[in-house]
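Structure below; questions to follow.
Should a chain be cited, it is by its letter among A, B, C and D, assigned in written order, with residues numbered from 1 in that chain.
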Amino acid sequence: MLPLREQRELLITTIADLLDGVRHVAVGASSPIPAAGAMLLRARNEACGKAAVRISILGSAQHNFFTNGTIEIFDCAAQGRIDAFFLGGGQIDGSGNINLVGTGGYPQSQVRWPGSFGSAYLYHLVPRVILFRTEHSPRVLVPKVDFVSAAATTPEVPRRGGPHALLTNMALFAFDRGRARFGLRSVHPGFSATDVSDNTGFDYDTPDIVPATPAPDTATLDLLRGRILDELAETYPAFANSMAEAA
Amino acid sequence: MTEIVSLEALAARMAPGQSLAIPVTGVAMAATAALIETGITGLKLICVPTSSLQADFLIGAKAVAAIETSAVSLGEAGSAPRFTAAVREGAFALTDSTCPAILAGLLAAQKGVPFMPIAGIIGSDLLKVRPDWKVIDSPVGEQRPVVVVPAIAPDVALFHAPEADRAGNVKIGRHRELAGMAYAAKHTLVTVERIVDHNLMETEDSAAAVLPSLYVDAVALAPRGAWPLSLWDEYETDTAEIARYAAMARSDEGFRAYLSAFLTRRREVA
Amino acid sequence: MTEIVSLEALAARMAPGQSLAIPVTGVAMAATAALIETGITGLKLICVPTSSLQADFLIGAKAVAAIETSAVSLGEAGSAPRFTAAVREGAFALTDSTCPAILAGLLAAQKGVPFMPIAGIIGSDLLKVRPDWKVIDSPVGEQRPVVVVPAIAPDVALFHAPEADRAGNVKIGRHRELAGMAYAAKHTLVTVERIVDHNLMETEDSAAAVLPSLYVDAVALAPRGAWPLSLWDEYETDTAEIARYAAMARSDEGFRAYLSAFLTRRREVA
Amino acid sequence: MLPLREQRELLITTIADLLDGVRHVAVGASSPIPAAGAMLLRARNEACGKAAVRISILGSAQHNFFTNGTIEIFDCAAQGRIDAFFLGGGQIDGSGNINLVGTGGYPQSQVRWPGSFGSAYLYHLVPRVILFRTEHSPRVLVPKVDFVSAAATTPEVPRRGGPHALLTNMALFAFDRGRARFGLRSVHPGFSATDVSDNTGFDYDTPDIVPATPAPDTATLDLLRGRILDELAETYPAFANSMAEAA
């Protein structure tokens, strides 16, 4: 397994790759790794003259393009003005559904998480939702969530939004919306395809040859350890510090 | 017309059993302490659209009979301990929602219509636990299934803001959900860092940041009234204090000790 | 990202047959002249929620194929002569509305829902001439009949404002219907009195008065660009000029003469 | 018939009386007489320590309590925060319905007025709508409007709003919502009940004795010719001037 800094750099780089082509990515509060991925994409696009990337970070003054209160990010998504967003989940199932509510009965859940936030809405409306959850275990990645906070696919109703990929500490999965099923795309350095199957509670497709998730190249590392850390420091000072200290 | 009153008088305007809308930013923590000191019970909390310390405080103080929310969490400091415990115990009526649905319900009340359509949501189990929500076929416009949610008209909206003027106009900046709460609510109570002598509605630019006094029943002065939470341009979250709360409130006794010290401290400041 | 362009380039972004949302205050008269000079035809005007000189100009210039509005009037200067004549002649498809229904249609587009419920209206003959509106029984919440109207998503929203910054953020003050037009529209074109070098989003207070560049496709400089109409804090309505227009535009020839002089004057100023 | 200034003062005073008890009155653009009536009520209430009156005048900077754009007055009415409003009409019928659209066919009306504005909505929501139209003639006051911009009563749906009174240059009518019918309340000095019936195209109830509309008393005239004129000058300079010059 990689050291913590390298693990994070791999995740950040993978997220930047997953975001390739988006114009506007929104990032929830307390999401430094997704924010860093979006910042890396923005920096890369600038360097090679590609389209500018707008990053909205909830709770950041500098990355706030909104002036109409809490509702604006949701309206903006409904208008098709947000291309990518991140969701997690106490549970994520093999059909891409997520559970942010709890397990062990409802409403008196024995394990209760905070609640669904905007997931039930944004999952329908944001074209490229990246499921990001560092813990890769059978208790998180389950066959069927106990409570569907947000459904990944709804054949009965047209929608532009839904899961694009699932990224954990161990692997990257792509999501096939037609089949409502994940496919393993790559395994992070230090883990094997068997580690992944041992720790995943749901069925998924596995290619004959499972590639390793590519590590960031030197140019990317330079950005990550320089400009991106500086940009992160505004919104996530503690995280930026811990990354710098790990150097 | 808006009255300018003491924090105690402001808190005394809430009655047991009322529904109370509370926001994510501009949280009236000092007023919440004053409210808990009145011994209030049976509140129906409406979190707009989520809550953190404020809901956990009121729940821990046994002031809450019902809660409608999209989430309760202490954010970086982890789960909200009194909320989590109360859910497990079934200590209140729990109504789970999703952020834009709470805002849509308030918008319906703002517009005097019984319901509001909202995008997304279809497929979520929220529809199973919300018999008051429905999926209908759009009666006009593009034909497709759409979720409809009922109006939410809180008895009282309560928030904290940087400034009010003597007429009761309140500066809310970009935080227009605070205006949305006030439009929808029957009564609105506001605490502020300071009361200014000039008219906040005077210029086009300053007016744009204002909730007009028309919607504000009472204003009370409460310097650092959001502490330990942040107030946008004014002060940051006291993360050490939130972490201290998160640790102490794991048990009911720890929560009681924290709350008691918090109330004492507020009385000493006041 | 927002482009800063010339008035002519801004006008050239409109295509024949598009729907165009125009406001009551913050009216882009200079851009309207530039648009007429492109020889545009077939516009579908959406007045948010009424119009005066601007709609009458575009109608007189035979640029309008359809209009949805709650009213067209020159206010103190009386009826809008080209509008009135065109209605009599059946020169365009006329869709009568009522102010809050147009705003409700835009709000539906802003929220990505096919329709919006709205209070009142029942009993009005507008329901007879608007087959796209319906009265339904409220599916959730308080059970009562309520009018529903379809979403209005204009191809283009066009307005005039005091300031934009270099990033394309636009100062709209309290005139939040201008933001509403932009949220609902596929593209938004804005003319301004001046372009400033500082970031209008910099402080909480200044940001509250801003439509973010996120919604703005292009900005063009047009000093006194609302003339002869007013621009809130900036300048008053030129009532003498409006009266002169009202008198001349009674006949098609008079209108042609007025328009020709107006276009010439604009070219000279530019 | 009274001289122009006295006519106007009578209308303003009558409007102030009709508004007695309201907390918030909204006035449309280009409505100096209704605005003056509201200002008179405000001044009177202040003088005798009664509840303060809020006046919203569309298009006035000083009388603008709104910060949410064009929609706010409509939302505000829906919330029950506006107690009184004024409407006119190219036609007003005996059932209280108003027509702001036109006559002679639709949509190709041979006489076309501006349009319905917010009437279809506000008539339902504002408890005390005062119909104000100076012209008192059979072409305005008709048995049945050609186009119902806004309906006065709708037994099929509960509503709090609707017509309270009709005030013209000649007379004041009260409106009975249960019967959807006007009743003559008073006739202005210089006119008779016969003048009213000769010039009214719809049926209405007439009391056995028709009182004269009371003229303003001295205290009221002092307010009208002093403070109210000053207040009017901000929003309606031309009107305030013409009133002052007529002195």
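One rule holds in what follows: a contact is a pair of C-beta atoms (placed from the backbone, for glycine too) under 8 Å apart; a residue touches a chain by one contact, two chains touch by 3 or more.
Quick caveat, the model's predicted, so the values are computed rather than measured.
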| item | value |
| --- | --- |
| Count of contact steps on the shortest path from subunit A to subunit D | 2 |
| Pair exhibiting more inter-chain C-beta contacts, C-D or A-C | C-D |
| Cα-centroid distance, subunit B relative to subunit C, in whole angstrom | 36 |
| Inter-chain centre distance, subunit C versus subunit D - centres from mean C-alpha coordinates, in Å | 29 |
| Subunit B and subunit D, separation of their C-alpha mean positions in angstrom | 40 |
| Residues of subunit C engaged with two or more neighbouring chains | 111-113, 118-119, 144, 174, 179, 207-208 |
| Set of subunit A residues in contact with two or more other chains | 64, 66-68, 78, 125 |
| List of subunit C residues in touch with subunit A within their complex | 1, 109-113, 179, 183, 201, 207-208, 210-215 |
| Interface residues, subunit B side, partner subunit A - complex | 24, 48-50, 69-73, 75-76, 79-80, 83-84, 87-90, 94, 96-101, 103, 118-126, 129, 144-145, 174-180 |
| Residues of subunit D that touch subunit B when the two form their complex | 24, 52, 54, 64-68, 75-81, 125 |
| Touching residues on subunit B, where the partner in the complex is subunit C | 104, 108, 111-119, 132-134, 136, 138-144, 146, 148-151, 171-174, 203-209, 232-233 |
| Residue numbers on subunit D that touch subunit C, as the complex places them | 29-30, 64, 66-71, 74, 78, 97, 100-102, 106-110, 112-125, 147-151, 153-154, 156-159, 161 |
